[in-house]
Structure formats: structure tokens, C-alpha cells
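Shared chain: chain A. Partners: chain B in the first complex, chain C in the second.
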Partner chain A sequence: MSSIVSRRAREVQPASRARRRHGWIGLAFIGPGLLLFLVAVVYPIFGAVQMSFFHWQILAGAVSEWIGLDNYVQAVRDPLFWSSLLNSGVYMLLTVPPQIVLGLLVAVLLKRASPTQPIFRALFYLPVVTSWVVVSLLFKYLFADQGLINFTLHDFLHLMSQDVSWLSSRWTAMIAICALGVWKGIGWSMMIFLAALQGVPESLEEAATMDGAGRWRRFRVVTLPAIWPSMVFVIVLLVIGGLNVFTSVVVMTNGGPADATQVVLTYMYQQAFKNLDFGYGSAIAVLLAIIVLILSLIQLRVFRDRSEVAS
Partner chain B sequence: MTRPGEGRRGRASGTVVRYVLLVVGAAIMVVPFLTMLSTSFTGQAYVLTIPPQIIPNPATLDNYAQALGTQDFAGYFLNSAIVSVLATAVAVLLSSMMAYGFARFDFPGKEVMFRLLLLGLVVPAMMLIIPQFVLAKQLGLVDTLAGLVVFYVAGNLAFNTFLLRGFFASLPGELDQAMQVDGANAWTRYWRLAMPLAKPALGTVTIFTFLSCWDEFAWALTLIQTPDKATLPLALSLFQGENSTQWGLVFAGSVIAVIPVIIVFLVFQRSFVQGLTSGAVKG
Partner chain C sequence: MKRSLVRLAAVLATAAIAVPLAACSSGGDTSSSAKQTVTIWGSYGNGGNSAQQDALNKTLIPAFEKANPNITVKYVDVAYDSLLQKLTTSAAGGTLPDIVRSDIGWVPQLASLGVLVPISDKMSGFDGLAKATYPGSLATNKYDGKYYGLPLDTNTRVLITDQAALDKAGLTAPPKTFDELKAMADKLKGSGTQVFADSGLGQWNMFPWIWSGGGEVTNASLTKATGYLNGPKSVAAIQMLVDMYQAGEIPNLITGNSGATSTQDGLPKQNYATILDGPWMKSIWKAQYASFTPIWAPVPAGAGGSISVVGGEDIVLTSTSKHQAAAEKFIAFTQSKTFQIDMAKTGQMTVVPAYADAQAQLDPTYAIYAAQLKTAKARLAIPAASKVDGILTDALTPAFEGKVSVKDALTTAAGQIDPLLTAQK
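Here is the complex of A and B:
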């Protein structure tokens, strides 16, 4: 045993010395990509923070004025910023739980291998790979005054006494936008949960069945703890994604009517590229990034504690 | 176990419920796509009628003829294809080189560089769009397809490198050392040994990068200003914004945009699943 270890140590040592000696080769492999990454991603991260402290002038030659925290003060006093933040929050709250519950449900239904499994998996995943612009146009059409949604709910199922003009007032428009978010996202969470479920040892579930545990109890006591890491991954990413909603709002309502459906990123975009207030737009972007970061850290803390309690 | 009859009956009814739920769910996923397809073959006069036409009558190819003819969707398709293929090729090459460097070599500052790269996974892309636009303006990349390519490559580096590094690190180092003894230089070992072995992971990365470029909207909206340089998502949104009622034409363009995605997805479904799950496990 010890002779194997020492022989391996002897073999490894010259190799690792060689690795260090050839360090410049490693740098050569990393160099081109890292350079591009530094210029096009890292530098703009600092750029966003820097710009948020200026009354930024986009025209060449114009001097940008340092205004300290004024852009942030403006955001705090701006009712439209708050209403856009509320809309983003509502979108996140209304889309994350259904994506988790329905994604998990479909994954459980699809867990057992069968000839139809790949077909269903592909159908549920289809919206995920389709461009946001295309599906947003599609939902704008479905939620049009004479669209399929009104026809189904009013003329066909008689769930509504009259047609709803979905996209012309705030909360009905938000419902349409959220419906799209859930519809497009279920396939993604399903796929992650499906992989996680297939990693749960069957012997565990069988043991629970022998102990007389019912289906729901088996799920809660055996399956859920086993897939908990995937659950945390899905929740954290969905919350981040929810607060980053942009394209569907641009295409379906463009923030209207009268800014009622602006979300944080569409409002940021409007400030920067329509009003050309790059400093204020950057401040909004930084605020959103801070909110996302804090929420992610809180979630990781809470979920880690819970998994410790569970185990 | 003690009451096999009941168990079997329970399982049979469970199977029925399972299939009913799956079929209803799948229908909800598919009906919007069928609506899109059907509308794309419908003449303007028959769009948004009550009750809706499921099979267009009369069916027409006018929308496609117009989309590819007067509306230049063929040109937008070409723009999308050029940008996506170029960006994917460069992004996969650069990120596989980085991944190999991180997995196989030691050098000062390696940890810091890798942490920096992880920053790219955490920061939402939309947050950077304003400073990236200013940067593109300074570099003279505004309103160019090159500007799309450069930032699409940069935006995909972090995730790709992260995923591929895991794969390269899992390859046995002995093979590498054996080739080194035979006098193969680092580039040969990367290109001839590591890359062929990494084909499954490279497949995943290639598909994800291609789709993210093909579907991208916000950066194209920001950077591109003349219509003939638009990619498909941008062209579709602009067209619908200007001609809000020409749904048949909008969806003919959408079908043209979606077909390559569906083909790529169906052909490479296995790589998709692998990529997603390895991302979940390691992420």
C-alpha cells in the first residue's frame, strides 16, 4: 500500500513541476478568451457602476458631470421606478411557484421510462428553445381581443361572461405576460427535475413503500429531500430570471398602456435608449443587480439551513 | 404486496390519470405552435375570426411568398445564420482553449482568473447592456454584424468554459502525459487528444451557444439601426410593431425563424438533456 502511494508521489512530482514550468503555455490557452472577456464583460460591469454616478453624456466630446448619488436619489423618488419594480416582483411571484410545481409534476409523471417519454419530453421542452420574440408575438396574438384565449374562456367554456381586453389594462396584461412566462419555463424546470428524479435510488422508495408510506408521504420524505439540491438550483435561477423579465414585456405591451406594465429592465431600457439618460439607466441596472444578489444570498442561506434541518 | 389485485387496479387507473394529465399538458404546449402554423397559411381577411379557423380555409402561401419576397426575411435569415454560426464557432474555440488551460496547467493568478470568469455567470446580461453599448460605440461596432458576433462570443464564454473545464478535468491525465513523452506539444494534445474526446460536451456547448445567438433580441435591438442588418428576432418584432394586424405575415416569418431551432433541437435532443443535467449537477 505505502509503496504504491510513494511510487505515485514520485510519478506525480516531476509532472507537476513541469506543469508549473510550462505555466506560460496555460496562459497562452487562456489569453485570447480571457482578454475578450475582460474587455466585453468585466470592464462593462465596472462601467455600469461608474456611469451610475454621472450625468452621462453620450455625444462625443461632451463632458459627463459627476453627480454622486443623484441618480439613485432620483430612482428612490421616481414613482415609475417603484411601479416597475412592483411589476417585476409580481411577475417573479406569479411565475416561479407554478413553474416549480408544474415542472415537478410533469417530471414525476414522466419519470418512468416508456416509449412515449421522449415525445412528451420534447413537446414540453419545445417552448424553451423557441425565441422569446416569437413566443411573445404568439401570446400577443392569443390574448388579442378576438384571440383564442377569449374564445376559449368566453364562447367555448363560458367561464367569462364577456371578452376581456387583456393587453389594455395593467393587471390583465400582467396575467398574460405571466402566463407566457410559465408556459415557456415549465419545460426547463421539468428537465432539471427529471434528471434529479432519475438519480433517486429506487431502493429508497421501495423501502418507504414497505413501511406503509402513502404516495404523498413517500414523495415528501424520500423524493423531495433527495432532489433538494436541484430544487434550490431551480428556485434561485428562476427568481433571477423572473426579475430579469424584458423581451416578453417589450413585445407584448411595450410597457403600456401608459407605462402601466413597465418592468425594471424595460424602464431601464427606456431611460437609457429613449431618453438617452445613460447615468440614470445604469443606476437602475445596478439597483436591480444588488436586489438580485441579496435575494440569491438570502435564498442560499435559507435553503441550506432547511436542508440541514431535514438531514 | 399483500393485496396484489388492488395494487394492480390502482396502478392501471394511475396510468390512465397520468396519460390524461400528460396529454392535456402537452396540448397546452403545442396548441400555440399549431395556431402560429395555421395562421401563417391564412389570408389577412380570415385572421382573428370567431370561431377561430383551425385549418385555414382557404389556405394560402401568400404570406410566405411575401415574407421571402418583398419583406426580405431571407436576408434576415442570412444575417441570423452568419452571426450565429460565426459567434458559435469562435465562442466554442475560445472557451474550449480556456477550459483546457484551466484544467491542465498551473500558473500564477489562475484562481483569480477563474473567479473572474464565474462573475460572468452571476451578472445578468441585461445589466451590462448600457456600458456595452458605450463600448461598442467607442470601438466603432454600432450597427454592424461584427458587433453582434463579438458580444455574443463574450457573453457565452463563462458558461461554456465552466462546463468544458469540468469535462477536460475528468479525462485521465495519463493520456496527456503519454503524448507529451512522445513529443507532442500542448496544442497537439489539446486539438488531437482532448477535443476529440470531449465531443459530447462540445456538442452540448455548441447547441446552447447557437440557440442563444439565434434567439437573442435585446442586444440586436440596441446595436442594429439599419433594417437590412437585422437578425430574425429583431426583424419580427419591428415588423409586428409597424404592421400590428398582419398576423399571417408575422407568423410566416416566425415559422421561418423557428424551423432551424426545432430541427437542431430534435436532432441533438440527447446532447440537450446531458448539457442541462450536467449544468444542474455542477452548478
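Here is the complex of A and C:
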């Protein structure tokens, strides 16, 4: 943002004194946010990286023992770390595509102005702004043995021959957790796509129609390329968000039964704050950060190449 | 622009991962004038319970301050779920209060961090006060041969059932022994009521069965679990539960199904015939199931008798406290009959057996708990206690599901617990 501000300043007032003054004003604008970012985000990141190389003693003044990469070696050899990483990955894979497809579908359906459109937009966005803890509790009750899901599928629709004990085994519990993730996330991607769809030039759509393109073809060759940058934005953020799943797991299963639904962040939290092994917890956090960073860079590279080919 | 925004967002979101590790701490009291202020952290108000805080703030603390005019006592209520985290982050920042009302399971952990004072070494009158309490409760304060606190309030688990379930099983009294429990399970088969339910496989859940079955968890000096936790009597006690589980007589709530009906709902609704639970259940049911009349009885006895597990809180003194003498005075005050009985009126059971009669007059249910407490034992008093629960749960779950034998599961668990026992100094 600062680059825009200063560029504007250059265009309007070439005098160097004015430019300097504008520089200070710009700094004053980003200052508070930057300070908060440095103190609340950057400093703790470096703190976590530092901790991960120690057998960390949390007590003020206590001497922590430098153990090099031992915490990382422990993580690599820890089957629970791998199974939690797998769970996080599965969650990401099962929640990102539905959020994109359904979010885009809803956005397309709600694009055209109609009297009910604002109501539906608000309804679809409502889950996004509700508290994670509240909706996680809600889904826990929905998927309980005596919950509404079992009642609907078994007693009401007779789709299942017996009740399923959803939260009592790994994959059925992951399905419940993923269902919550998708339900809560559709509104967010819908909002981004809605904004992007407003920017698709109508002239292009009309031209395509005149050329005889059907609805699906119009969507594929006109709409999709036009909203592609937003699509990349949504995919990258959803992948990061998916790997960072935490609250819903803590509330719905707390990593159980027997650590079967532990995800990386709940496992990290357990190591750091329950077992007070801050060094190991930090190492897990750093490993996840590295994985997420690599994944994000790969995605940006792949999607950039593709958009260059497309253009 | 858009791409850089994406990249910035990616970096920001990545950064957010580390944020949970950056919990903040809050300040403590450091003034040291003639008038001293002793600060206490506790979780009396957990779950919106104002009766206990009121007794403390409106009756007991004023009484103490009147007797000790130069001491002011300030109680700070912290939600139970965040108390340990607040304590550890405050320990890291050097901002602990003078006194903590700590869960009994945290004392060895906090002591091993060096944030507590071994009051058995320095507090005057400690021996007399310690001797007056239940041995099982006192043991939870012990770490590395020293006592780091005194019991403050206590509880244990007893068998709770209801008349309708007994009628269904054709019984006139709650099951007194393992055999009677097994017979009850057979009678209830097909009735829609499961004989027993519990919500986990940790120490709190499993140890009463092991001890009552005549088994042990570790040797007496708390240095070895192998040979004890997987001893024949321990295995037999758990095997009884596993057999019932596999016969469908115990619900998968015990193996961690968070979607199962809870014990507090399942007992009044007759999903479950018996549960093990604490004295707090009475007020919970009073509010939610007004017509339900629970029946309280000792834990069913096996070869080892009827032995339950100790719960409750200890009162500990922090090593960073600048008013240790004043804090010790208050700690001694918490052991007085006034304090213990006033808190018993609000549901906190006394740790002093000599006051049990006075307490039983407040509520006859307390008599059953007090009797059970006489033989109740403490969970493993080691810094890594929270890991033990995870180890037991992860080892026993496949045993309940029939994937491994109970003997193998307990041998695995014991093998993992052994190094935790020897790790302590």
C-alpha cells in the first residue's frame, strides 16, 4: 500500500520536500499497524523459531539447554506428528474444493439483482461471522449419537440401517469436522467471487453471446479467466486456512478418540501448553509454517505460469 | 498489486500459526509496605458458581483480615480451563501471585518448574496441619521428597445409580462388588440400559478399577510402572471393563466418542445404570433433572477392596512471593474448621477427616464421599502427569476395541510411563 501512496505523491507533487513530507505521513499511517505486526506477529515467530532449538524452560531466568535439531528429529520420528499432519492435509483436501465450487456457484446464482438477493447474501455469509466455538458445539450436537444427523439419515429418511457413531472413529469424525469447515467457509469465498464477478465486463459477455456461446461456454471462456486472480487468492488462502484447522477439532473431538483426529495445531497446542514442552511445540509450529510456505510458493508459481499462458 | 496482496496475505496467514505460542501474561502485586497484600489465584467461580466466591470474599477473607489487620487478601478468579496456561505464562514472565489454589494434578508439574516453595521445609506448624488431612490428598502435594502445598478441598468418585435402573436389574441395593456389577450387566442385557458409563480411559477413570481389583499402578517409591500397571490383577480389572465394553454393556463414551450421551445426562435418562462421579453432580442434577433422585454408594469392591481416586485442589505458595510469611498465615487459615466448613457449605469437601461429621450434617451425601476418601489414592504425582493420561488412553483404546490384548496394552503403557517416572529428580 505504501508504494501506491508514495507513487501518487510523486505524480502530484514532484518537489522533493513535499515528497519527504508525504513519506512521513505515509509512515504515520502504516506505523501503528506495522508496530502491532512486528510486536504481535514477527517477534513471536522469531521467539518460536528460537525456542524450537532448545529444551525450553519457561521459567523467567531459567537456563534452557541448546539441543540443536533434536526437537525436529523427535517430530520426524513421532508417528503422532505424521498422523496429525495427514489429518490436517485430509481436512484441507476435503474442504478447499467444495468451498470453491459451492462458493462460486452461490456467487453466480446471487449475482443478478433481485428483491431477495440481499437476504440470501446475508444468510450465506452468516456462518462466516459466527463464532467458531459456537458453531463447533452446534455441529458436535448435530453429529452426536442421538443427534439430528443420525435422526435424519436413519429414523427419518432411512438412508442408513443404523445410527452412525460419527465422532467415535477417525474418518467419520473427520467427515463431521470437514462438513463444518465447508459450511462455515462457503460464505467467505462467495463474497470474494461476488466482488470479482461484478468486475467481469458485460461487453465481453455480450460479445460471446453474439458469437453463439452457450451459458457454460460463456462461463468457461469469459467469466472464469476474468475472475482468475480472485480464484488464486481464494485457493491460496483456503489451503493455508485448511492446514491451520484448530478450533473445530478442539471443540468437536479434542483430538480424540485416542489422538485419532489430532491435527497439527491441536497436537502442537497439546505439547506446548498441556505437556509444557514448548521447545517441541515450537518445532512443530515451525515445521507446519515451512510446509505452508512451500505450498503457497508452489501454488503462486503454478498459478502465475498458468495465467501467463492464458493471456 | 493483486499478486503482492496475495503474497502478503500468504505471509500473514503463515505467521499466524506461531501466534498461539505468544500468549501474554499479566502483572502481579509487588508493593511491600507495612500493609501487605497477598494475592490468590483460583477457579472457585468456574461454571458461574458465585456461592464459593461469595463465601471467600464476603465471609472468610474479611474474617482473616480482621484477625490480621496488616494483611490484605485479594482473590482473583481465573477460569479453570485457562488457569494452568496463565500460571505457566506468568511463571515465564515472573508475575505469579503469592498463593495459588491449584488442581492437585498440577502441583508436581509446577514444583518441577521451581515456581513453588517447599513449605514442608519452612512453614511453621506444617507437620501438624499435614497430619490432620487425608493421606491421599496430602500425597498430591509431594514432589521429590518434599511437600509443596497443603490440601485445600477434596473429592473422589463414588458409584451413583438410580432406583429405576436397580429395579430393571432386579436389585434392591447398588452393586457392592465386581461380581455383583457383572451380574447386573447380564440382567440389563437387552433392556436399553447399559450397566456402566464413563468418559475416558485416563488415570481418573481407570485407576479406581485397578486399585479395587487389587492391582497397583507403580511400585511404592513411584519409580517403576512395569510389573505393576501390567500386573495380573491390574490386567484382570481392566479386562472386566473390556469384556463389558465388547458385550455392549459399556458405551463408547469411554473410548472417547465425544458424540455419545454424557454420563450426567445418561444416568437420569436411564441410558446408563451406574456411573462413577463426584459430589458436584448433586447440584447439577438438581438444576437439570429436578425429579431425579440419585443413589450414592461406594465403588464396587474387587480383590483389593473399594478404592477410589482422589480429586480436588491444593493450596501452594509461589517462590516469587514477596509476602511469604503473610501468605503462610493465610494458608494455615485455610486449614481451620471455620474455613473448611464454610466452604463445605458451598460444595467444597473438607480435607480434614476430623471435620467430616460436621460436614455430613450439612449434607448426608458427604458421608459416603468421606468414607470413600479414607482409602482413596492419588494419581501419579509426577510433573508429566498429563502425559500419563494420554499414554493410557492411546494404549487402552485399541484394547477396548479388541485390536490388542489388555496385557499387551498395559505393558506398552507401562513401558512408556517408566521413563517419565525416572525422569523426575
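By our rule, the second predicted complex is superposed on the first by the 271 of 311 C-alpha atoms of A that agree within 3 Å, B and C clash if a C-alpha of one lies under 4 Å from a C-alpha of the other, contacts with A are read in each partner's own complex, and residues count from 1 in each chain.
Definition applied: a residue touches a chain if its C-beta (ideal position, glycine included) is under 8 Å from a C-beta of that chain, and two chains touch if they have at least 3 such contacts.
Values in this document were obtained by computation on a predicted structure and should not be read as measured data.
In the superposed model, A:Asn244 makes contact with both chain B and chain C.
If you count the residues of chain A touched by chain B and by chain C, you find the higher number for B. Of the two partner chains placed by superposition, only chain B is touched by A:Asp155; chain C is not.
In the superposition on chain A, A:Val133 makes contact with chain B only, while chain C stays out of contact range. By the touch criterion stated above, A:Arg304 is placed in contact with chain C alone, chain B being left untouched. Once the two complexes are laid over each other on the shared chain, residue contacts for A:Phe273 go to chain B and to chain C alike.
Judged by the touch definition given at the top, the superposed model places A:Gly33 against chain B, while chain C stays out of reach.
In the superposition on chain A, contact is made by A:Gly256 with chain C only, not with chain B.
Once the two complexes are overlaid on the shared chain, A:Gln146 sits against chain B and chain C alike.
Shared-chain residue A:Ala122: touches chain B; no touch with chain C.
Chain A residues 40-45, 47-48, 51, 58, 140, 144, 146-147, 233, 240, 244, 246, 254, 265, 268-269, 272-273, 278, 281-282, 285-286, 288-289, 292-293 lie at the interface with chain B in one structure and with chain C in the other. Put simply, chain A touches chain C in their complex at residues 4, 40-45, 47-48, 51, 57-62, 140, 143-147, 165-168, 229, 232-233, 236-237, 240-241, 244, 246, 252-254, 256-259, 265, 268-270, 272-276, 278, 281-282, 285-286, 288-289, 292-293, 296, 300, 304. Taken together, the chain A residues at the contact with chain B in this complex read 15-16, 18-20, 22-30, 32-34, 36-45, 47-48, 51, 58, 102, 105-106, 109-110, 116, 118, 120-127, 129-135, 137-142, 144, 146-148, 151, 155, 183, 186-188, 191-192, 195-196, 210, 230, 233-234, 240, 244, 246-247, 250-251, 254, 265, 268-269, 272-273, 278, 281-282, 285-286, 288-289, 292-293.
Residues of chain B touching chain A in their complex: 1, 18, 21-22, 25-26, 28-33, 35-36, 39, 48-52, 94-95, 97-98, 100-102, 104-108, 110, 113, 116-117, 119-120, 122-124, 126-135, 137, 150-151, 153-155, 157-158, 161, 173, 177, 180, 186, 190, 211, 214-215, 217-218, 221-222, 232-234, 236-237, 240-241, 247, 250-251, 254, 257-258, 261-262, 264-266, 269, 272-273, 276-277, 280-281, 283. Across the complex, chain C meets chain A through its residues 1-3, 5-7, 9-10, 12-22, 84-85, 88-89, 91-94, 109, 113-115, 252, 255-261, 384, 386-387, 390, 393-394, 397-398.
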